[in-house]
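Here subunit A shows up in two complexes: once beside subunit B, once beside subunit C.
On to the complex of A and B.
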């Protein structure tokens, strides 16, 4: 290896790194710094530095409510993704190679289909005249259509559908490291399949489930298309409020403050919480 | 390996129904002969597919999205492929930092990226232009290419390259004849994944597209806000078919499980 080779990696990676800094770093600093400026009555951005936007976020019940709603929705979506994603990941890991390939297309394929299209499907299903209502009416579970559009249930359902593949992928990654002989050992000692699942498999996949939960939570908190279409004006979340502040009310400083809080939350969850989990489970398992 | 308990198999089938239902419903509604959203079982037709041909705005938006995604995926690859090779094949100071920096667009919510680009592009006078859109998308999808290139480049046996070198091949020849061919599937898979993600992007694009640069997702989103009719379903059906064709390509190049589960 000559010295020429030692500078080569820098030449190779510099253009990409500079592109990210110039086209993402600079715009982010430029825009999020807007949150420290006020807005004059004419819609002009003030020149004096102030924390009034953040004070507003904390004191105004309107914004507090939106953050609380976003938090609750994201938690609900995370829980439902755990409930359906973890068993599904386990099933996938146990299928024969051929059936797994087919199932992967079914399970992961929707991940690549446009979120707008998937949400449209849910809008059609959830409407008063939609299939879900017709089905519930037919089996007599309800006597009149329940409104699922613009409801928490609707948003949680549609967002879980959009995000559950991430949970499956994360859980599946830890299932692949799982040693099936421990399961066989438990079976040979006449443990029931439920006991095996609860006592042998679940403890080993918890790190995967936790990191999947973090991904799902972060993506649910920042999702835009699904809450905008299914939740609409009635169920405003942080991302749709940012959209309104920027494009409808043209209050950029306020929108920037909302965006800054959202970003800090998401980055915190994806980076620091993830690291904390890794550290904790390294001690447990190695 | 022992058999799957029956209740898990039942769960698996229910789960598959859950995943497919919204897509299936869209496809079915597209074949209705009514003027409103309904199932095609009491009257099917292709009228909503022929209706697409009369909507120049959607057709233009489709081509625009294809051009945008092609440009963004290509620029992202130009930046990410060399960086990915550096990260996979060399140990250098700041390697982790560079990797984290290049993956960081994945962490920023697209809605935040959208307002950031809106302000940035307005300041440099490029808001609403195709160039602005391509650059913004290129940064947003760069991590997808990077991850697949890094995993393809770390995945093969380095001793082949050493063997070539020991037989007197120059480092350029080793790169061109040995290393590059081995990571081509990773590059192709990454490009396609970047293309699909750029093609479908909404939350970022909605801020920086002008009426003359509206992409297909933005056009669809604006349309859904007003009304939901079978035309939306037929356009979405075309999109679903288009995406599945791309998915099959992805499967061929790199394997779907590896692409989506690909970690670096």
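On to the complex of A and C.
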């Protein structure tokens, strides 16, 4: 009877597990195995197993540059999301119930709009003939249009906008658990508002900021639509490179190798960062 | 003990008012003049005035929503009064921000910083006052010894029990040597037995340190155990102020008598010679009221008698409460509660016809209160 009870959960979770396996596991394994095949001239996939894709990937500075760019871009987006999202979540948590509801809709509303649409909106704003440049020219802040399209600034700007709701939601979840009276306690012990924020509030919401950062980092590193539209060919990141390998150069094995390396790197960075910060703030996690 | 000394050598720093000398008791140390807090139409606190002497322990007692916490928060500076004035040691601090008042506050949830150790929690206030590291460590150790948590300095709050957390909160509030200690329902989260222990400990600690203390509570037993004076509040107003024993023996109205302990209350008409209620005539009680009035008598002042009964009735319920028995007696005056100390086996059972008698000096006649 004891065994019966133990088996039931497995049966119940089996359909879900199988669906995940079929829809995620299998393609993943296939992509991974694809990366070990060679390519014959003319686009035919070779049936011999080889490491030449990975060798090429490591030896060519072109790819190293793209990976480094993706890493820096993702870090920049994560930082800007922290800078925007954490204070915003804090302000939200201090609003009255009615304004909080309104603000939440404003924050989460963009998630209802397709990333492509939102990014195209940014493209319209960022163009040389776009609103931002026209505005800056009109008030005389600049003499000639600043190139925001196909630039780091443009991609970071647009990606941050796309991803900041995740940071707000994650931080918000931590703030919900925060005891407001710790703020008053610190205040009564003569701490200034800034000190309260830095010494009392921030350390307590670190778990939320961390999980938000991991989500934002992973999504930024693998984002496709925004870098493709705003970054274009001039600012290639890993995901757009993978796309090009698959569809423009019809080099599927190389594309698969790039995808595998990107995945491993993202998993490595998130797990490592998670560990390090969890160790540093172990008292807050419990 | 080292903790005593700091009361004498406190200093004015960072605009924080410190206590001066301990000798001047009975002088108004903390003055609250006509404090009123209005939220729109709702008056949370209405004209609260109180003077607290140095070293005194005052409890603000009342049911939830009576304005006691709002009053405490106005003293703490977390809530700005709509009208009124807070004076500490002669200085008006009504408009001073809470982080410059330098008061020691213990919150209901303790509000310990979960990401800091016990020692870091206690040291925080000293750090904010830029106390040098060596002195800081010494004072933290002293404060922790004071609350019997000497060996716990490197623990984190989540590794402590409820009672220990509360002691840390106390140590954190006391270590800055505040002129006044404010306690907001500090025992609320403790279980009954621990609460009693902490009450006695808090009382002893407060006496030893000699710190002026204001505590908010809704627990009448706690208020009586701890305080020199009780301020009984209801509906944003002060009902009665007095020493616990005086207030218990001489409640000024129906609310005081039923909130602080139990009481039998009869409404009727008072005169010099008698008190008429529900068609019955009772001997006059103490009090100067003429006309419509409430007649109060405590359950433990009533005894069962065979002759000379003031009123007769039938026992409808008998409850054993350990140190005493509580009886419910149905009489022409209504249900009367009678409490008998558990000194011998009970002589009265449920269903018995009994006579009730009380000494008229224990009966109080008070004016009828408006809303209560």
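Just so it is clear, the second predicted complex is superposed on the first by the 253 of 286 C-alpha atoms of A that agree within 3 Å, B and C clash if a C-alpha of one lies under 4 Å from a C-alpha of the other, contacts with A are read in each partner's own complex, and residues count from 1 in each chain.
To be clear about the criterion, contacts are C-beta pairs under 8 Å (C-beta built on N, C-alpha and C of every residue); 3 or more make two chains touch, one makes a residue touch a chain.
Since we're looking at a predicted model, the values are computed, not measured.
Trainee: Return first, second, both or neither, reflecting whether A:52 touches subunit B, subunit C, both chains, or no partner chain.
Mentor: Touch status of A:52: no partner.
Trainee: Is A:281 touching anything from subunit B or subunit C once the two structures are fitted on A? First, second, both or neither.
Mentor: second
Trainee: After superposition on the shared chain, which partner residues are touched by A:187: those of subunit B (first), subunit C (second), both, or neither?
Mentor: both
Trainee: Does subunit B (first) or subunit C (second) touch A:151, or do both, or does neither?
Mentor: A:151: touches no partner chain.
Trainee: Quick one: name whichever of subunit B and subunit C touches more residues of subunit A.
Mentor: Touching more of subunit A: B.
Trainee: Report for A:270: first if it touches subunit B alone, second if subunit C alone, otherwise both or neither.
Mentor: In the superposition, A:270 contacts subunit B only.
Trainee: With both complexes overlaid on chain A, does A:129 touch subunit B (first), subunit C (second), both or neither?
Mentor: first
Trainee: Report for A:15: first if it touches subunit B alone, second if subunit C alone, otherwise both or neither.
Mentor: In the superposition, A:15 touches subunit B alone.
Trainee: Should A:225 be classified as contacting the first partner (subunit B), the second (subunit C), both, or neither?
Mentor: A:225 sits against subunit B, while subunit C stays out of touch.
Trainee: Where on subunit A do subunit B and subunit C both make contact?
Mentor: Touching subunit B in the first complex and subunit C in the second, residues 184, 187 of subunit A appear in both lists.
Trainee: In the complex of these two chains, what residues of subunit A are touching subunit C?
Mentor: Spelled out, the residues of subunit A in touch with subunit C are 179, 181-182, 184-192, 195, 199-200, 203-204, 206, 281, 283-284, 286.
Trainee: Please name which positions on subunit C make contact with subunit A in the complex.
Mentor: Going through subunit C, the ones touching subunit A are 14, 16, 76, 78, 98-105, 107-109, 111-116, 124-125, 128-129, 156, 158, 172-173, 176.
Trainee: For a test of understanding, state which residues of subunit B touch subunit A in their complex under the given definition.
Mentor: Of all residues in subunit B, those touching subunit A are 1-2, 4-5, 8-9, 11-12, 15-16, 18-26, 29, 37, 78-80, 82-83, 85-87, 89-90, 92, 95, 98, 101-102, 104-105, 107-113, 115-120, 123, 135-136, 138-139, 142, 146, 171, 196, 199-200, 202-203, 206-207, 217, 220-221, 224-225, 228, 232-233, 236, 239-240, 243-244, 246-247, 250-251, 256-257, 260-261, 263.
Trainee: Would you pull the subunit A residues touching subunit B in the complex into a rising list?
Mentor: Those in contact with subunit B are residues 5-6, 8-10, 12-13, 15-17, 19-21, 23-24, 26-28, 30-32, 34, 84, 87-88, 90-91, 94-95, 103-125, 127, 129, 131, 158, 161, 164-165, 169, 172-173, 180, 184, 187, 193, 218, 221-222, 224-225, 228-229, 239, 242-243, 246-247, 252, 255-256, 259, 262-263, 266-267, 270-271.
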